[in-house]
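Structure, as structure tokens:
Order of writing sets the labels: A, B, C, D and E. Residues in every chain begin at 1.
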Amino acid sequence: MNDITAQEYAFIVTAVIGSISAVAVVTARNVVHAALYLVVTLASVGVTFLLLGAEFLGWVQILIYVGAIVILFLFGLMLTKAPIGRDTLDNQQKWLGALVGLGVFAGLVFLIQDAFPVQDAVADAGMQTTTEMVGEAIFSRYVLPFEAVSFLLLAALIGAIVLSRKDEGN
Amino acid sequence: MPQSIDYHAILPELILAGTILLVLIADAFLPARRRWFAMPLSLVGVIATLVATLTLLGDDRSTFDGHFVVDNFALTFKLFFLAAAVIVLALSLRYIREGGFYQGEFYFLLLVSFLGCMLMPSSRDLLMLFIALELVSGPGFLMAAFRKADVRSNEAGLKFFLIGVLSAAVMLFGMSLIYGVTGGETGLNEIAAALAGLEGGELSLAYASILFVVVGFAFKVSAFPFQFWAPDTYEGAPVPVAAFLAVASKAAGFAGLLQLMFVAFIGQHEFWVPIFVFLSVGTMTLGNLVALQQTQVVRLLAYSGIAQAGYILLPFALVTDDAASNAIAFSAAIAYILIYGIMNLGAFAVVTAVSRRHPRANILDFAGLWRTAPVLAVGMTMFMVSLAGVPPTGGFWAKILIFRAAIERGGDLGIWLAVAMLVNSVVSIYYYFLVPRQMLFKDPERDERLRVPVLVTAVVGLAMVALLAIFVLPGPFADVADLSVFRSLAVGG
Amino acid sequence: MIRLPLVLVFSALLFSAGVYGVLARRNAVMVLMAIELMLNAVNVNLIAFAAQLKDVGGQVFALFVIAVAAAEVGIGLAIVILLFRNRESINVDEVSLLKW
Amino acid sequence: MVGVLAAETAEGAEHAAAAANWFVQNAWLIPLLPFISGVLTLAFGRRTPGKGPVYGILAVFAALVLSLGVLWSFVQGGGPYERTADWFTVGPLHLEAGILVDGLTAVMVVVVTFVSLMVHVYSIGYMHGDVRYTWFYVVLSLFTGAMLLVVVSNNVIQLLVGWEIMGVCSYLLIGHWFEERTNSNAAIKAFITTRIGDVPMMFGFFALIAATGFTTTNIGETTEAIAHGEVSTLFVTAAALLLFGGTIGKSAQFPLHVWLPDAMAGPTPVSALIHAATMVAAGVYLVGRLFEVFVVAGEDVLFVVSVVAAITMLGAAILAIAQDDIKRVLAYSTLSQLAYMVAGLSLGEEGFTAGFFHLFTHAFFKALLFLGAGAVIHAVHSNDMSDMGGLRKSMPVTFWTMLIGSLALAGIVPFAGFWSKDELLVVANDTGTTWLFVMFLGTAFVTAFYTARMVLLTFFGEFRGHGHPHEAPASMTGPLVLLAAATVGVGVLGAPQLGAVFSEWVYFGHPHEAHFVMWIAAISTLGAVLGIAGGWALYRQRKDPDPMQQALGPVWTVLVHRYYIDDFYMAAIVRPIRDRVSAGIDWINQNVIDGVVNGAALLTRALSRVVAWVDRNVIDGAANAAGGVTGTTGGLLKYLQSGNVQWYAVVLFVGVIALTIVFTRVA
Amino acid sequence: MTWENSAITITTFLPLVGALVIMFVPKDRDRLIRGLAIAVTGVALVFAIAIAVGFDYGTDGLQYELNAAWIDAINVRYHVGIDGISMPLYVLTFLLAFLCAIYTWRFLPEPGRPKVFVSLMLLLITGMAGTFISFDLILFFVFWELVLVPMYFLIGIWGSANREYAAIKFFLFTLFGSIFMLLGFLGMYFRSDVGGQHTFDMLELQRFAQGGGFTEGFQLVVFGAIALGLAVKVPMWPVHTWLPDAHTEAPTIGSVLLAGIMLKMGTYGFIRIAIPLLPEGARAYAPWIGLLAAIGIVYAALACLAQRDLKRLIAFSSVGHMGFVMLGIATMTEIGFQAAIFGMVAHGVITGMLFFNVGSIYDRYHTREIAAIGGGMSQKMPKLASTFAYVSIASLGLPGLAGFWGEVMALLSSFNPNAALGLDEGLFRVFMVLGGIGTILTAGYFLWMLQRVNMGTLPDRWKDAPLADTLAIEWLSWVPLLLLIVVLGLYPRLVFGMTDEAVAGIVENLTRFFGG
């Protein structure tokens, strides 16, 4: 018995939107459009998180990605005077790329279907995870990687500055 | 769930982290001329870390629910990384100073990478392995592009970055699936347990995800067909960085791979052994054959490094149900990694010195080196001979040990792998002797002495002595490798 | 509520789209975007499993992935900009001074 | 250590039938002395007054005295005596250094030491002022020592040692004046040719040793093992023939005779000692020493021997007729005389004594002839008889002595040659080998003829050379006189009328009763006289061209070209091997064998190129192809350059997918 | 550590120590460096002789034995010792080393650098000496390879015009061979089972083999592999092609040591390792070894006739002489082995000396082209010429000189090969005949060479060239060899006496193994 729940409806809609925009991201003629499609995709992913009951992650997704990362991209695009126009956006091997992409998709879908058949998948209520739970986990068992990541971010920050800044010498 | 943390276990990492911050801060306050102080500072920090690590020798510790372990395996690698760090720092000093780089930042990034290396062999958890890997790579991307003015360097960075991130993504996808099929496990031992119970579709999905995960590390160790970035990056990056990538970062990759394969996925060996047969043979063959064509020493070393990676991958392909022979293979791999590190660092040290006169460091630029810089020439010859696996050098034992593992494994597979390796070794001799040939038999185009930084000379001498020592007394060395084998294998888990 | 396979298929699609992007896009920034798609696919997987298994670990993992992704983007853009400054173009397929 | 490396001087058992006197017991001194003198000469010769001959002469004289002492013991009816000392051991094979002294040995040592002494003295005058005067004496002494070593050896290996050392000394002396290429050529020719004979002989020795199961090399024991051991007759026959190879080489029998005439390039005293009296006789001695093997091998082998001897005998004698070089005349005569001896031995036990008696006499008169010829050459500074003539007035001593020698050679009573030849004829007759009897006679006739020719052309008629030849110094004439005396005297030792004491010293099996057959003596003398008469008729007055030339016509040309045998060897064997075959081998070495190896190396490198090419053009090139699909020209150009990271990415994913499909066994 | 168990270790490593010491001598102290080399090798020689004197030749066992743990991981042991077979070669090694050191006092080819040269030479010596005393396969292999590197540099740096090609060729050839050899060793290791443990120890392996431990099929394969490795070093036809090049290009010292000792390592390996440890293989391969040896003898002699380069000619002659050695070994008889060892020593002394001569000739004429020299050497340099002639004649196997015994005994042994192994008599007699032909040709090319170099008249172009006759330093380094040539010739017991027992032991085992 599989009755489609409300969340599932919502998810399917989100997923469809997200998927379409995802494809759009990698096919758009215009870089800025691509960036905007990316926003939509990421947002839909965030919504998916919420639907899956991962509130904290959902908001983080929306805030960090939509709020920060995409902005970074836009800056990048501007700084590099990204050209507008189809022919220059794709390289000569896009058909090959398409082929590979489809291959990957097909393969994955097959594997997934093989592992978790849709028909006998049950849709039970996922648990509501609260921010505390996440936080607790991070600061007990995952504190070490947490620190490590902070160093990674620090390094990225410093390095990015070093590399991207114009220095007088050269 | 919240439990007390064993701070002694993570002391080395803490000290290193402290050093990193210190370097960063100090750099901000150092006057331009004094920027290079960052190096001695880092050196001190690293040595402190070394000491701290030594204090851990002997007993096994584990913390964070056994997801962070300090055992012989971890310690061996940590000490190796720290030694490598010392050497890379030594190589960097002049190079970075005279190359007009951002010194403080450079050392900062370098140390962060090494922090990642330090974490790698202790991580018994997918997440931590992932983080450690990124921690090694991230700064690596940046350092590869560190010769800002040079387009080649930029390219090196970009290629390294793209391939790196890409393979990371694939790996992550694999990890996520594993997380799923194992019912939410990320600890390696738990995963092993969980995987044991799988069958049918979930199993095949697990297989696929194991493959994805392997990809991530295969990239790191530049195994065929994920090796493309290596030559380009080594060529473009600053030489010390290339040295770091070729030795430390590669070793870190292997450290991770060893843990994954021999702990988490050991149960599935009949699935992934064929993969490693393919990876190993493919890698060594491609590396050797393409190396024959190289004209630049760094690229030569890159391909030789690929070939060597192939040899190191061979023990993975030898895994069977027999714990004893697995243990032999395991220790062979470790031994090879360590020796490989010594000879490669030595070689890169020489290149660093030569590149001061010949930035591109073509093989031809080494002509008559034994007139202009005898020590380097002798050293380089030694390293090449060792890489070729010819006595009287440590490289000889390295090969013998792998060989022995293959034979002990027995069966057609063992024999054929041994033969494959043998054939490859023979082929490799040719190109390894291209360089000594230039250095010893050709005349330099100008016969003035090459000024060699003291530290570089020291490194070269050290490496030579080490290789000779290992050749003469491989016993203790082999013991170290044996000790580093996981308890789980040693007792036959 | 939501059946796992559906979510997984969604993530698979994101991932494949990313793959295509990485292979087909010339502009380095676009390539970065594609990579972000792939990473997001990973997160979707993690969250889905986490929900299915009622385990917080997946969420934590996802959190780390996000953080790392952010770092990667930063690094990537820095390199791209550096490249752009030196050669007035960031078309990946022109990046080929280094060759066999 | 010392125990093993120091020779145990413990002597092997002394096998002495009758009381052996002191000289016999210490016969080992005989070869030793010349060796020592050789070393001394080499060390101090240049610095001693007279530049060195003194050592050699003293040593050889001492040796002669000892030899006479040895002979004396047999005159008194002493028996054979053997004495050995350990030399070394190789596995089962136990080698001894030792001496075996019997009648044969006794006679040989006397001959060798006597002639050698003569030559030593003679050379003082003849070699005076030579560039390598001292060196000459060094080698002369070494040779004498080696020859004596051969003669006294009691085992084949020791014999082989002496044998080869003789060869080298001969090589060195023939090439003494090596500035002339012809001389060095002759030297090499001599060494190699004899060596060709020596190798089979060595194998023959091996056969002997093998017959004893590789335990000993002692001549007595080995021959015993051959004779009564369990070895197939084929084995024995083969062994005998192999051994005879040595004789063919050293005693210059057909077909290996070619080296001896050329060997005349050496100084004349050398020709006298080595290439007439002693070394060439060693071949004959070898057969005698190992005679038991031949006897056991039986008729067939002996027949082969006799055939070889017969061919050489007559062929060489005839060649002697056509020679202008006086030394070559003597050389060919030596060939044929040696053949006499071999033929004699081929007659079996009866011939044994006769053969060696001829060896004995021949040594004296042939040495005499050579030294005489040397004196002549010394006087006229030419070897060619066309530059001589009428010398009997200017150098009487030489003339008379040489005359004696010639008569002996021609076989005229009462000179030595007559008795020995006569013996041979008698034996041939007794054994009923008529054909050989005829050969002997024929050769005797020819011999007489060319001898006469030689004497006449040299000492009669007008002097045709340049300058004023005069008699040689005393150091040279002295030996001539002594040898002449000997030539006259030694005959009696074998004269049946006088009891033929020789046959009591030298015999095989039981002493052989020599007897005189009047008619045979008559016939042989008649033949000799006829020959001389013919010679007198043709050469009393020298005519140009040589009367025989018209007489023989084309045959003469054949003779001048030595039956073309040398030319044949040169063209068919020496040059092809030395020049063409070797060059071919060298070519093969460089291009085939080495080629294979280098080829393998090249192959690997080629393979690497292929792979690198694949890297460049397939992996990246596929990208170019992909580019080609939607190829804008610019795009194409762009894609022609490699190192494209996105292509790397494609390979990465294709790799992943491929691995997945290949290795993930989807249920 | 008593003298008994440390003697050979000390002696063997003495040169190495010397090399290390020399490395710390400032390189402008030229004389000091060369002097040190002479001193070190001299002391080593004295030690070696002391060892030889103290040796008990009455038994076939190991003496001065030392068997210490080395690499427990794969049960490799530092097992050294010396027996009658090793002894002569061991002593010879140090003798030649000493003489080379003396020779180097004056003669050092371009580009000079005595420090490096001498150090490499000493390293080389340790390596060579080591191979003769190793009784552990890996130890043996290590020394074996140790020799490779310094020789590679000696040729490659101090060689003549075409040195580089020669050096690399030499290196790759021998390395190629030795890899197969190593394979063979490992094969034996893993097949061996001594007390439930694999072993590399030769003696234990020999016992194991005697007990029929190795199957015949296995032995065929492994013997093939090892034989290939050894044959390259010997060198046997047709894998000899590296030798002429290496010799032609190598500096005098290099040639002397190469011909004098290094080649022996191969033949020694056959007697010490291949045959005792793999009797079945030995039996199967003996005829083929014999065949190749016989071919090699004739082939080399013919090739010599075609050589224009003096040094190359002598190099080829080495191939022929080693052919006799291998022929002796192929017979698997006591006489054969004895002959082989004697042949090795004799060839070491004679050919070593020949290369000294050629080196000095080159030093005078600055060419090795026989045609360019053009004869008449005896006129200008009688001493040099006569030593050259003397040694050449020794080399063509004149009885009474060293060269004779090796050849004649080898041929004698091939008259009747070891029956216990069922070797075909007729076949080996054919080899014997070929060998005999070889001796004739050998005489041919040597005499021809002498004719073209020594004899004749000095060409005008050399008339006023400064051709100095043999120098004092040359006499110093030659006289021992010149004497040894005649001493060995007259008194072969010097070697046969040493090797007798040990060889007897090996052949006994061999024969017993086949129930003879």
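The definition used in the following text is that a contact is a pair of C-beta atoms (placed from the backbone, for glycine too) under 8 Å apart; a residue touches a chain by one contact, two chains touch by 3 or more.
Bear in mind the structure is a predicted one, so any value in this text is a computation, not a measurement.
The chains that touch both subunit B and subunit C are A, D.
Contacts with subunit A and subunit E are shared by B, D. Chain E has the Cα centre that lies closest to the mean of all protein Cα atoms in view. For subunit B, the chain whose average C-alpha position is most distant is D.
Highest inter-chain contact count (C-beta pairs) belongs to A-C.
Across the assembly, the mean Cα position most removed from that of subunit A is the one of D.
Separation between the centroids of subunit C and subunit E, computed from CA atoms only, is 67 Å.
One finds 33 Å separating the Cα centroids of subunit D and subunit E. Rounded to whole angstrom units, the spacing between the C-alpha centres of subunit A and subunit C is 7. Computed centre separation for the pair subunit B/subunit D is 76 angstrom, with centres defined by C-alpha atoms.
Multi-chain contact residues, meaning those touching two or more other chains, occur in subunit D at positions 601, 612, 615, 638-639, 643, 645-646, 649-650, 653-654, 656, 660, 664, 666-667.
Residue numbers of subunit C whose C-beta contacts span two or more other chains: 15, 18-19, 22-23, 28, 31, 43, 48, 50, 52, 57, 60, 64, 68, 71-72, 75, 78-80, 82, 92-93, 95-100. Looking at subunit E, one finds that residues 172 touch two or more other chains.
By the contact rule set out at the top, the touching chain pairs are A-B, A-C, A-D, B-C, B-D, B-E, C-D, D-E.
In the complex of the two chains, the subunit A residues touching subunit D come out as 87, 91-97, 100, 103-104, 107, 110-111, 114. Residues of subunit D touching subunit A in their complex: 623, 626-627, 629-632, 635, 638-639, 646-647, 650, 653-654, 656-657, 660-661, 664, 666-667.
Listing the residues of subunit B that touch subunit C in their complex gives 126-127, 130-131, 134, 138, 141-142, 145, 148-152, 154-159, 161-162, 165-166, 168-170, 172-173, 175-177, 179-180, 183-184, 186, 231-232, 235-236, 290, 293.
Touching subunit A in their complex are the following residues of subunit B: 1-3, 5, 10, 13, 17, 20, 24, 64-65, 67-68, 100, 102, 105, 108-109, 112, 115-116, 119, 127-128, 131-132, 134-135, 138-139, 142, 145-146, 148-149, 157, 181, 200-202, 204-205, 208. Residue ranges of subunit E in contact with subunit D, taken from their complex: 52-58, 172-173, 238-239, 241, 244, 299, 302-307, 333-335, 338-339, 376, 378-379, 393, 398-400, 404, 408-409, 411-412, 415-416, 432-433, 436-437, 439-441, 443-444, 447-448, 451, 454-457, 491-494, 496-498, 500, 503-504, 507.
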